[in-house]
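Two complexes follow with chain A in common, the first pairing it with chain B and the second with chain C.
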Partner chain A sequence: MKRYLLLLLNEFRLSRTALIVHTIAVLQPTLMYVLMAVMMVVPTFDMRIVQPETELENDLVIAMEEVGSPIGSNYINPILTTQANPEHKQVIEIVHIDGVPTALQSYGFIDSNLVKNLRNRLTAALLVLWNRELGSQAVLVDEHPWLPQDVPYTVYFGMAMIPLAAYLAAAMIGGYLMAQEFEHGTILEYRLCPTSDSLLLAAKITRLLLTGLAAAAILYITLGAITGVWASSAPAVFVILLPLTLIAACIGILAGLLTRSSLPSFLVGLASAFVFWLVGSGFGLAAGFSPIFERISRLIPNTPIIEMLFPYFYFGREVAPNPTAAKLQLAGYCLVLLVMLAIVYRQRVTSMQR
Partner chain B sequence: MKRLWILFKTEFNVWKHDPITALGGVIPCLFILIAFALLFGGRLSFKIAVVNDDQGEYGQVLVDTFEEVISPLDQAPYYAVQKMDEVQAWQAFEEYRIEGIWVIPEDFSARIEAGDQPEIDMYFMNYNDDRAKNHRIYSAEVLWQFYQTIGQPTPPLSRAETYPLPEMVDWVSIISVGIVLLSVTLGSIFNMFILTYKAQIGKVTLEFGLSPRSLGWVLLPKTVLALLFGLVTGTIFLVIIRVWLGFWPSGYLWAVWVLAGLTAIFWTQVALALGLVARNYMSGAVGSILGAMIIFFIGGGLSMVRANEESVTWVAWLFPNTYAVDPVRDLVLFNTWPLDFWQVLITLLAFASVAVLIGSTFSVRKLRRLG
Partner chain C sequence: MANEIAIEVSSVTRTFGSITAVDDLSFKVGKGEIFGLLGPNGAGKTTMINLVLGLLKPNQGKMRVLGYDVASQTKQVYRKVGYVPQETNLYLDLSAEENLWHHAALYCQDLEGVKDRMAELLHFTNLWQRRKDPVRTFSGGMKRRLALARALLHNPEIIFFDEPTLGVDVQGRFALWEHIQQQRKDGKTFVISTNNMVEADTLCDRLLIIDHGKAVALDSPENLKAGMRYDIVSIRTSPAIEAPETFLADYSVQNISRPQPDELRFEMQSAEARATSLIKEISAAYQLDSILIARPSLDDVFLFHTGRALRE
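Moving on to the complex of A and B:
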């Protein structure tokens, strides 16, 4: 145990050789979250409409202001303009087409997602007018949301970035430091070292686990400070993150051992971290996207981790379709990677050029 | 000129020993594109269940309407109604295997016929406000169509729209051009890094520091070579987009190169300066690469800057990518000359000039001092 603790201490001392890499790897996701939280998708859209002149046009502007969530924000912020030019986004003008008063929405060079959002909002506003005219003939939609309030997207986005933070720090630092041992020639010390491989690797992995969890803790605190939403059990969050951080540490060290060069190992850590984040439910729960995406997403370790974190941030609501299978999946990944790491370490360090 | 050529060839030979760095601008970007294509490129219909207890015909008309209302996002219905019984539906909703449940009560048709305030219950997911918003505004689309189908009196205001192109540009394509710019940026940074890193580990920096001639001779070939590699990786990525998504800038390719090239020059100088500040080129490279990734996400990588200008954070405006990305989209996706091309060009020129001035002055000082 004493030897293990000494090795662990030595691993932490090694961070002095790459202080800036540590700082960047630990803080980057938090910085990205802070910046992205500012511009995160919000339900309220500015929509330009040509200055109303008739009562009907005025009614439309009022209807636009009514479109929104009864337990959240409004969806349209009407901007009155004198120009019927869509410029870079859109503009609504009331025209008569074949004698029928029509809200004509003209779009600029924008994409289909923006068109969808603008079209839906205008339809919702026009439906307010139509319902008003229909009176008791109108269909009333009685809303029953899943949660008592609409939770801002920044909460989910931040929660899904916590695994990214843990992964990026562990994988990038693990790969970089391992590759440095080859580049600086200090790998010879490991080759000559009388300590067992498992003890050396255990110290390395423990140090990466702690670093990854520290990165996650920084993001968790930032998320709470920005949104005011805290997990119902913070220790549970970090326990859930452990397998993912272990997977990241193994992938990072493996990349360092296999490439023996800091740049490619950094690339492996970076690419895997961001792909796992994006495909692994980073922008929304996997079940909410296409069936193909969901199938692929479920292979990524981030997805089960996020589904396990979910109840702690969302009023205890469970979304994991099969929690036991998810735990087994993560345990399987950890086991396979640990075995691979032990084999590769033996090949690249212990058995080679002793 | 001859000296410059010799140094250029030397730098190229250095690069030839580690050509994998050329992939630095392609591999991560390709993974990111695949990830976004998986995320937003598939069918994005909301999976819902409908419990139709209606005793009349209008309930079924409403159910049929779901299939008829098509989203411009993916040319698929907003809602994909899942075939499941009521018990399965509630269980699926509680476990978030479906997005929502519409319950049509038994007196729905009777109330429509009597004009007696027909109602439906919409149970839906609101774990993020964006999805909740979609449920609310998608339901408006469905009801609009439903009213027309059942022959309700015409609305006080009809609706129409115009789009400037015969075919709508999809969201993944918008993101892909953001990634092209990221590819040029990363390609330049990676190659600038490898050239300076090789100089460092080869201890050539000492010779640079002692050189009696201007160090501009050393920095210029590195910058030019890194810029060229950035443009090559960006062009490779453009070809990938051409094959995959079908967009190509055609005769505007040179303009894409100019805008992307000026952006890349800025980043080569950032990589150079950061590498020297850290006295460790790897730290500099890590910092500049992750910085470029952040700028991709906050500087219009995922959506058009012009259409969301009010939500772009001030930090993003400190980097050239935010200015360049939409004109590049005009050229690649819309095949149209950007109205603000010259204005953006001048802005990017200013960014590149200041970066070169600060970057090279700083690097020369560091090299002279540290060797």
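Moving on to the complex of A and C:
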């Protein structure tokens, strides 16, 4: 145990040999999240409505204000304006088409989730007006919110980036440090040492797990600070991240062992992290995409991880179609990669060169 | 050679493609010996060390280190040996002390006594004052001394030292030689590879001269030089001696060369004893400006065995 702890301490000391890589790997996802959360995703936004002139148009504005958001906070803040087409703003204008007053929507710098919200709010407002005209016999808008409280999209976006943060730190740092050992000739220290491969790899993997989880923790805290939403169980979040971080650590070390060069190893870590993030439910749950994309997405370890994290951020709502299969899939990935790592480490480091 | 055998190499060959780096080498190293592998760059010295350390697999042959078979008992061998490679592979961003801690975790059987051993070795290599400094700030000699301290940390019985003073200044060189000699007094066995003849001559108890992967001579530096049975004579005359083979025919000289137009260099048996008659004979025909009689160096030994100078 003492040797293991000393090996672990050494692994952390080696951070000083690659400070820039550590900074990028640990902080990049959090910085990216902050920028995207602030610049690209606005939980509540202004809707500019061109100065209403008729009674019907005024009623629409009132109806929209009444509708608000079906699950709590207002997505839309109607603002009356005389400017017909302000740049990069959402606009609703009442126009007359063949003598029929029609609400015309224009969208600017918004994401698809907000488009959906806008459309839904407008539809709801129009239904309210329609209902008012028809009286008690009209169609009633009966809302059945899935969640008891509104959760802005920034929460999903941040939640899906937490696995990215853990993965990126473990894979990128793992690969870079391993390759550096070859480049600097320090691998010879490992080649000649009597300590077992399994103990050495255990120390390396543990260090990467802790680094990956630290990177994830930074993003988790940032996410909470920005959105005010915290997981119902923080320890559960980090336990769920463990298999993915283990997979990342194995992939990173393998890249370092196979390429023996720091730049390609760094790039393997970076590229795999972003591909896994983009394809692995980074912007929306896999089930929300086409069946082919969903099938591909489910092969990526991020998807089952995000589906497991989901209930902790979304009031216990389960989205994983088959949680047991997902857990087995992750366990299988971990096992295969650990075996591969042991074989490649032996081949590249400890066995005699033929 | 000491009675107890530390290393035994039997008919070892190693090829890289069509190149034979080590060709049927056999030798034994005794315990407590400083054994040198002497040869030019590319002679196969480092390959030989890598083979004995189990880093390379031989095409044929057997090696035993302290009784352990290198091929099948590699981990046991690793516990008993230390290695200072040619290119000092230290973590430059870590301090001297941290480099030693790194090594301790990988190599030391007993982690309890490591701190004391570390302090002892840092004092021994005169690095105690700089133990907290990053290795990046160290001179070449300091890095080599730290590498030696690191190799000694787990108290190995045999230390392999590849080109100990390569790139080290004169002062650092003497310090390193002193450290090696002191460790030998404590019972350590050293195998050093070098192409520095002064180092080989000063430091080694026995030398294996390697050329193109083959052993060309194996003995103590004194015996190797004594085995030459001739001295090197260099004379300057005015004018230059013409037809020296004829002029010096009575002295049975060999390997006559003319490094300068007025200088003649040749090998001659018992040159000191025969110097008086030689001087008399030359002075009778030429103005003798200078005469220098030297014992053969290891370079001459190498030249004798391979037909070319070590530095070629």
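Methods note: the second predicted complex is superposed on the first by the 248 of 354 C-alpha atoms of A that agree within 3 Å, B and C clash if a C-alpha of one lies under 4 Å from a C-alpha of the other, contacts with A are read in each partner's own complex, and residues count from 1 in each chain.
Simple rule for what comes next: a residue touches a chain if its C-beta (ideal position, glycine included) is under 8 Å from a C-beta of that chain, and two chains touch if they have at least 3 such contacts.
As the structure is a prediction and not an experimental result, all values here were calculated from the model.
> Quick one: classify A:L14 as touching chain B (first), chain C (second), both or neither.
second
> Going by the contact rule set out at the top, does A:A234 touch chain B (first), chain C (second), both, or neither?
Touch status of A:A234: no partner.
> First (chain B), second (chain C), both or neither: which does A:L242 touch?
Neither: A:L242 stays clear of chain B and chain C.
> Should A:I24 be classified as contacting the first partner (chain B), the second (chain C), both, or neither?
It touches chain B, and chain C stays clear.
> For A:L338, using the defined touch cut-off, is the partner it touches chain B, chain C, both, or neither? Pick first, second, both or neither.
In the superposition, A:L338 touches no partner, neither chain B nor chain C.
> Considering only the touch criterion stated at the top, classify A:A214 as touching first (chain B), second (chain C), both, or neither.
A:A214: touches no partner chain.
> A:P152 contacts which: chain B (first), chain C (second), both, neither?
first
> By the touch definition at the top of the document, which applies to A:R3: first (chain B), second (chain C), both, or neither?
A:R3: touches chain C, not chain B.
> In this superposed model, does chain C or chain B come into contact with more residues of chain A?
Looking at chain B versus chain C, the one contacting more residues of chain A is B.
> Using the touch definition up top, name the residues of chain A that touch chain C in the complex.
2-3, 6-7, 9-10, 13-14, 16-17, 184-186, 188-195, 200, 352-354
> What part of chain C is in contact with chain A in the complex they form?
My answer: residues 53-57, 71, 74-76, 78-79, 81, 83, 85, 87, 89-94, 98, 101-107, 111.
> Help me check something: in the complex, which residues belonging to chain A touch chain B?
18, 20-21, 24-25, 28, 31-32, 35-36, 38-39, 41-43, 46, 56, 59-60, 67-69, 72-73, 75, 87-89, 94-95, 97, 100-117, 119-124, 126-127, 129-130, 133-147, 149-153, 155-156, 172, 176, 262-264, 266-267, 270-271, 274-275, 278-279, 283-285, 287-293, 296-297, 310, 314, 317-319, 321
> Which residues of chain B touch chain A in their complex?
Residues in contact with chain A: 18, 20-21, 24, 27-28, 31-32, 34-36, 38-40, 42-44, 46-47, 71-74, 93, 95-97, 99, 112, 115-134, 136-141, 143-144, 146-147, 152-165, 168-171, 173-174, 190, 193-194, 197, 278, 280, 282-287, 289-290, 293-294, 297-298, 303-304, 306-308, 310-313, 315-316, 326, 329-330, 333-334, 336.
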